Amino acid sequence: MTTGLYIGRFQPFHLGHLEAVNHILSHVDDVVIVVGSAQHSHTTENPFTAGERITMVRLAMREANIDPGRLLIMPLPDAEFHKVWVAHILSQTPEFHVAFTNEPLTGRLLKEAGLRVEKLPFHHRETYTATEVRHRMLTKGNWEELLPGSVSKYIKSIGGVERIIDLSLSDKAS
Amino acid sequence: MTTGLYIGRFQPFHLGHLEAVNHILSHVDDVVIVVGSAQHSHTTENPFTAGERITMVRLAMREANIDPGRLLIMPLPDAEFHKVWVAHILSQTPEFHVAFTNEPLTGRLLKEAGLRVEKLPFHHRETYTATEVRHRMLTKGNWEELLPGSVSKYIKSIGGVERIIDLSLSDKAS
Amino acid sequence: MTTGLYIGRFQPFHLGHLEAVNHILSHVDDVVIVVGSAQHSHTTENPFTAGERITMVRLAMREANIDPGRLLIMPLPDAEFHKVWVAHILSQTPEFHVAFTNEPLTGRLLKEAGLRVEKLPFHHRETYTATEVRHRMLTKGNWEELLPGSVSKYIKSIGGVERIIDLSLSDKAS
Amino acid sequence: MTTGLYIGRFQPFHLGHLEAVNHILSHVDDVVIVVGSAQHSHTTENPFTAGERITMVRLAMREANIDPGRLLIMPLPDAEFHKVWVAHILSQTPEFHVAFTNEPLTGRLLKEAGLRVEKLPFHHRETYTATEVRHRMLTKGNWEELLPGSVSKYIKSIGGVERIIDLSLSDKAS
Amino acid sequence: MTTGLYIGRFQPFHLGHLEAVNHILSHVDDVVIVVGSAQHSHTTENPFTAGERITMVRLAMREANIDPGRLLIMPLPDAEFHKVWVAHILSQTPEFHVAFTNEPLTGRLLKEAGLRVEKLPFHHRETYTATEVRHRMLTKGNWEELLPGSVSKYIKSIGGVERIIDLSLSDKAS
Amino acid sequence: MTTGLYIGRFQPFHLGHLEAVNHILSHVDDVVIVVGSAQHSHTTENPFTAGERITMVRLAMREANIDPGRLLIMPLPDAEFHKVWVAHILSQTPEFHVAFTNEPLTGRLLKEAGLRVEKLPFHHRETYTATEVRHRMLTKGNWEELLPGSVSKYIKSIGGVERIIDLSLSDKAS
């Protein structure tokens, strides 16, 4: 059995992330989805808590009818320093065989530690980004079209857009 | 839908823990199983990494034919101080409605924060403890009878008993 | 008896802060004045130590003839993460009934935790800011008119203006 | 004007501590009372939060009619390491001229840093200790005779004795 | 015997640093070379690990025929806060009598703690900077002329230029 | 060229440690001597600062006429968790080829990470221990016979025995 690793901050989880999970599951038997920077929330870059982001991933997986037996979804706080990050993630996750990432530093650190790394074939990479989603939330744009329906609904139920607007005001005031 | 919370260190996961999960699933729709003290490993009290302990829980769940759609298994490092622990766990987990625990401090902190707490009806509480399992490992006793078969097999595959013996030698030498 | 909470960094304590304390004391019986980001000093944004800032607050209170029996002045280091900040402050302060703040994130976190929050009616909000005071110190402007006399005198006695100039040089060099 | 420093954990604040404050105030003009190990609570050695301990000190000072203008009561978390502890406390407190302590390590660290240290003339040193108070709470002894009346009353109002009993059970179970 | 202190991040160690060491050794008997911000690596500002930077310093010292008996080369992680930094460095280094630095904050903190500080007479200060070296690495400029030959060779042997380019891509993507 | 690694706490550095260094230098070209638990000092188990312990090692090396060109002596604070410790040490030290240790946990962690580990042939292992040295200091025994002469002399010059006695009193009082 082959296990893949997929790390993201998911602020919030969008359709590009869902596409990545589907791509990974077509190459491996099961996948560990790591919700990174788990300690952060309530900042403009990281508005949602790890618990909220795990909820988003689970909702998206259910909506897409992905078998829960093929998934492990878990939070991971940042390691204190880059050079211990790979040891940190290896100690917190079940064994995996290949990591999927397009992030140059993440890929480099995993490769320097001798692990196998594959790139992800994102379509429309400029549009399906969490930065774009948060930008549209702040400017009253159509952010919902970038997200699975159940994730949009959840974000509205917890007042997520209002939170992001408040955080941007705090940022300007400081 | 009702969600339960179950926290343990699972050093290692034994049949008493499995009984607790079954009890909880007879009362709630799904359960968040939190692998606590996730940062620790390679000590006499905490020999296994969080990743290894998550693996044990998943193996035990599969062996017991528990529906993976009703489970979320995740690691959680300790909070720095007791009084922020509840805020810490609330930020890292999806929403839950009731926590199951027999540990007095855990129960007190959750109740002081206004959360609902239920006790667990452990049978044979003296025998089915992780302390007893580790003690039998050190003294060549029958530790395997206390664990699900798949967990015993996994521990042997990673040299877990040898690790615990090594750690006890280190403890004496320091 | 009603207790209010007032949090600031006080880098340095100026006449706008004094006005806020007077406003609060006209609404509650006593006030806990929390000197936040207490761990920081010797940066361009946070030039003064918590001990120096507590000294400033005490001098300003004496100069304004405010009854010391109605005050508690204390340092508080930042919490590691936003979502545990409210639990952190609740564990370090005596019980309070209402928090006074205009800062959107602070207000949001306190309200999300179920606490009562009131806004402060600052006059001349652009002028009476610590940023403006530090700017005038760097540009040889009239910073003293923004501070209680005893605070200005104290800052000069510890070489505070020279420190801020040194720190701004360090910032450019790095 | 001479300022004294008095550091304690005050778990809880008892009549021996009150005697020490009175002794100090007969030698200096005002005193900084530092509630140490401020981050800890809910352990058998440190049952009360810093906020609760500050409340105890304030109640005891009011009951003893000590002028609040001569006091600064503040929490202080432990420094990470002994050799930076003196720098840590100097950065968090207003200037002081003499520290009062009978604790050998505290005295040594302050003296190694060139500060003036005086011993405290505790009477009945075996009886008036926080350890003895907590022991009597656990064994249904007369703990109230060791505390100022207002502090006893406060501890009962927050269920302090029940908390200490719960914590001792947790300790045995772990 | 007089001992000097020389602190730098050495990202990477260049000819300006070598000139500084020679200057210091003409004024004192031996020197403690502290590789600062030792915990950092794999960022655009701090690309190299402390171990790699220590290796660079040792290579440069050998190439320049400097007596190893006059040197102590050691890593030092940052202190958590500025006001405990001097206590931190004093606890980690052998006794020294004079510190050499041109950095205003470093000099101020050491002087505030009563230590002797001397400035360094850098020639061509705009050219011989680590920032300039890293810039030339990113823009295919002649970075090697700014470094001792053995250091250039070492950086190429560990793929240092490729790492810096990767890190700059990560920076843009985040 | 082959480089060895030798880690110890050296509280204090004694003749058994010196024998170990000589053994290592008969097998490798140079050695990195790591002064571990560098953050600790002023406790009964760790009385001396890292700076003092580095001074001891240097004095012992000079007294034994060991070529300083074959040595690198450096402090290392503990890693936060066991499973990132090897990554931590690899990031802070120059490249090494073999580690020398008799400590079971240290050896296990290095081996689990794929590094080469050799045991040390200590003679009189019960006598030449830092625990024995500290015990003799507390009980007025002949501790000096266990140490290189220059190290004994240095410890006396900094009042090391008095410090250890003070620390043991603090331990009893707490």
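To keep things simple, chains are lettered A, B, C, D, E and F as they appear, and every chain counts its residues starting from 1.
What we mean here is this: a residue touches a chain if its C-beta (ideal position, glycine included) is under 8 Å from a C-beta of that chain, and two chains touch if they have at least 3 such contacts.
Bear in mind that the values here come from a model prediction, so they are computed numbers and not experimental data.
S.K.: Using residue numbers, check each pair in E-F, A-E or B-C against B-D and return the one sharing over half of the contact pairs.
M.R.: A-E
S.K.: Just how far, in Å, is the C-alpha centre of chain D from the one of chain A?
M.R.: Result: the chain centres lie 46 Å from each other.
S.K.: Go ahead and note the Å separation of the Cα centroids belonging to chain C and chain E.
M.R.: Computed value for the inter-centroid distance: 37 Å.
S.K.: Once you find the CA centre of chain D and the CA centre of chain E, what distance in Å lies between them?
M.R.: 44
S.K.: Averaging only over C-alpha atoms, locate the centres of chain C and chain D and give their separation in whole Å.
M.R.: The mean C-alpha positions of chain C and chain D differ by 26 Å.
S.K.: Using the touch definition from the top, which residues of chain B touch two or more other chains?
M.R.: 41, 49, 80-81, 83, 90-91
S.K.: Go through the chains and record each pair that touches.
M.R.: Those chain pairs which touch are A-B, A-C, A-E, A-F, B-C, B-D, B-F, C-D, C-E, D-E, D-F, E-F.
S.K.: With touch defined as at the start, can you tell me which chain C residues reach chain D in the complex?
M.R.: 38, 41, 49-51, 54-55, 58, 68-69, 71-77, 90-95
S.K.: What does chain B use to touch chain D in their complex?
M.R.: These residues of chain B touch chain D: 80-83, 102-106, 108-109.
S.K.: Name, in rising order, each residue of chain F that touches chain D in their complex.
M.R.: For this pair, the touching residues of chain F are 39-43, 49, 163, 166-167, 169-170, 173-174.
S.K.: Mind listing the chain F positions that touch chain A in their complex?
M.R.: Result: residues 79-81, 83-84, 86-88, 90-91 of chain F touch chain A.
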